[in-house]
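All remarks here apply to the structure that follows.
Chain IDs A, B, C and D follow the sequence of writing; residue 1 opens each chain.
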């Protein structure tokens, strides 16, 4: 099975993510473009927002025998279709391995979970660096052989430190960032460098309990279910497009410590699903929502 | 099986719900009171709030052979134990059938669900009347042979109509009220007549999306899970002690109509669970939380 | 919202379900057929079985302005596409209302649930008759104004009674049958009259606990989760293609009576989801599996 | 919070697990024994099997001020109560840290998950050794600084190798064993050395799909939900008392590789819950069922 999965992930295909105003003939036009050029479609999912009348599509086809050379596909698609239909699009090749940075603070559970998925080949991704505002998790980075950088943050030095972090991210050619329980708020200036490319895990069922100490608030309110939310980071704290959410039951016998313990499992699973979909190029953000093609 | 269930529900037992400041020896004292008087304990669950240091207990024992006569149990318990330990307590006999009123507006799904549970014997309860601010569901009441009263509500007549409703509830000797998607806010004066005895179903995962049109708000926010919450009604809208919550997954392909459709099933199941526990005297409200002994 | 939903369900569209050996160009060919004839595609989902190399598709388009007249669509599609690609296909018009028969025995919860969904307009379907091997639920049929027929079944009279039932189903022009906890096994001869058009609800998580008394078996085994399974009926008992499954947690404190009680909610929800998808023509059976386009 | 949790787990208390034939006065007798000797009960849960008429109890009290010295509690309890009521009992001190061995084969996800819970202090347990029939996961053991022993198993050498393993387990004073996707069947002789002290994770919703390759079987059957089961190991493969189960949804689009990937998360969470309860002495096995006091 491992072999099958490998092949699957590394099959030589191209993924196109599109959105544009809806109109008749979009699917026919895109599929004809691929088929006429001998491409074999191996995935197609599309969706029309019934209120905004926007068309969204994820389509993937094999490159073997495709008549347009790999490096020309974008240009041809843009010329022949995208301009005509006012499409916004991105192109991804299945063989390209993304480069991910992880930001952490003191809590290790999401970090361990991501690193074990990476080390066991579940996440086909490069993880060249970990950034933290604390030193606590440096040993974990070392345990997995990943570069670790320490940037303590104060209100005074935040912009300066973020500038250094951005330089580092550039140097490491990072494609996207995962905030694995990183307890600092990024400035809008930082966020706009990675639009829809910073994934956060918030330890509540948003929009319930945004901000700090959500498990304590949930306990105070006496909820019977707690949740976790993974979302792309925008300038508005905890307001970004939601990628995934899930919940677990609690009862009156659960203390805040139990909420935190049960929540850890939720957080790591919910974050891992979001990262998985992002890695498969199955997410597409439009305004404040994430379309997840599954 | 039905026979077994019947027997179970109609076994001749007594249920005691207690709360008091925690101190050593409470369980021993209560269990000794029952055992010394030849009572056979068939259920015991207790819980200490670790922060408020309050002791909560639900204990049930068979009345057969119990040395204290049924009508004297409360007095004896109060004299011998409750005063000593500053206990608040209520006593319920398994053979007493509660009397429930249902308030509805226009949506029928929760009403149908409750009535079918009642008619098939799942809910052992009397339902002598249904009250509504609309006439839409009168035929359903008639279909099930239940008295139906129509009280249209305007801001001007609300108190007057509620006074009539309260008179009716008294006349019908109602023990507790279920708001089965009743779309009016009850006044604090009404609510205080039935403290912790009015059960509402709110169509969101509280505290997310309180108030009106929660499915529309959830759709706008782009959540990946929707929920329903059953709670006791207090003077603060949607702030009462939560009895039960549950959720169901949604995706970007679900419209508001789909949210509403999926939510209906959630609402009826979540409300039914809350009513079930209330009927079994398994709920105990303390401040803003509901302890559910399961 | 109700208005929107109505419109949605009664929009004048046509639904095409297809399966055929996979080959290049299928999607392009089908979408071009629709688009060239001025059809506006409002739903497309397709899937290729990676092992069997079979292509499956559900596509829906609006009939307004479509150049091929309604009654000719099947013929044209067959001539122009289906034969060429060896497609098996069915065509459904959104405005056609299906006719459903319900088979029951003594348990009322699924019956009540279906009838309330029908009466409140959630299920847009005609339910002209209920058939039972017992008289217990006759009053429910009457309560909802539906014809009720009583066919007691013995090993000796089974074929004879089924023949009468089949005649009745024909007379009532029934499209599909829902077994709402019908406790008789249909003969293969009966089943083959309604291939993939009889929906059953089995009260376990199949393939665990097939056959009789699954809750008792689950209790004996000490499981921590119980389930329900909705499937199309085939000649092999409890072996038909699964449409939907779901589960609920149980604990050691739950008796068989509790399993049965909790299971009732599962059964009715799982069956309702299966019926919903069947009504939307979102299911497609291939060999022993059900593809559910969601 | 971490501090609070630590304190909680290391509070100086004693846990008593009891089962015996049910009779009147058991709870009163046990609680009086504790209270009379100045013990403060901090946990009590009890349950009577309604069919077998067996009484089960987990009770925990603080040792501070308790009049019976720690090392005499067992003796006193046995003399004063256990013999009288024919109780089977075990005593556990909250400050005693259990010693756990992990058996693995080639799959690393459960191993990583357990080790990260241990290293971050979620599991308060000693893990002195890992045993495997393969060398693949030796680096993981080294990464976490745990002794690793390699015992390749063939039909011919199985008993001999198990004898060596048992010697090692004795040498390391192991209290219980976790099979973290260990792909060998232990002999009954081995199992009986650790009755109800070997925890396995099976990658299906038992009793569905016992034995090898359950995800492949589930795929073949076309289920809509897959599961995982954690259970104590007995001489009968996959028949031991279930501790915990959970499920996740799958659809027709999921391949066997997807089942395996989704299943990994289930397996590690379900196994971790079982280990957590075992570590808290919250499980009590009776015949073929596990009572989990939560």
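In this text, a contact is a pair of C-beta atoms (placed from the backbone, for glycine too) under 8 Å apart; a residue touches a chain by one contact, two chains touch by 3 or more.
Everything numeric in this text was worked out from a predicted model, so none of it was measured.
Least-squares overlay of CA atoms from chain C onto chain D yields a rotation of 180° to the nearest 5. When chain centres are defined as mean Cα coordinates, B lies farthest from chain A.
Looking across C-D, A-C or A-D, the interface that copies B-C in more than half of its residue contact pairs is found at A-D. Chain A and chain B have CA centres that are 42 Å apart. One inter-chain figure worth recording: chain A and chain D are separated by 35 Å, centre to centre, where each centre is the mean of the chain's CA atoms. For chain D, residues that reach two or more other chains under the stated contact definition are 253, 255, 294. Within the complex formed with chain B, the residues of chain C that make contact are 1, 4-5, 8, 108-109, 112-113, 116, 119-120, 122, 143-144, 253, 255-257, 260-261, 264-265, 269, 272, 294. Within the complex, the chain B residues that touch chain A are 47, 50, 205-209, 221-225, 227, 241-247, 251-253, 255, 288-292, 294. Chain B contributes residues 24-25, 27-28, 31-32, 34-36, 38-42, 44-46, 48 to its touches with chain D in the complex.
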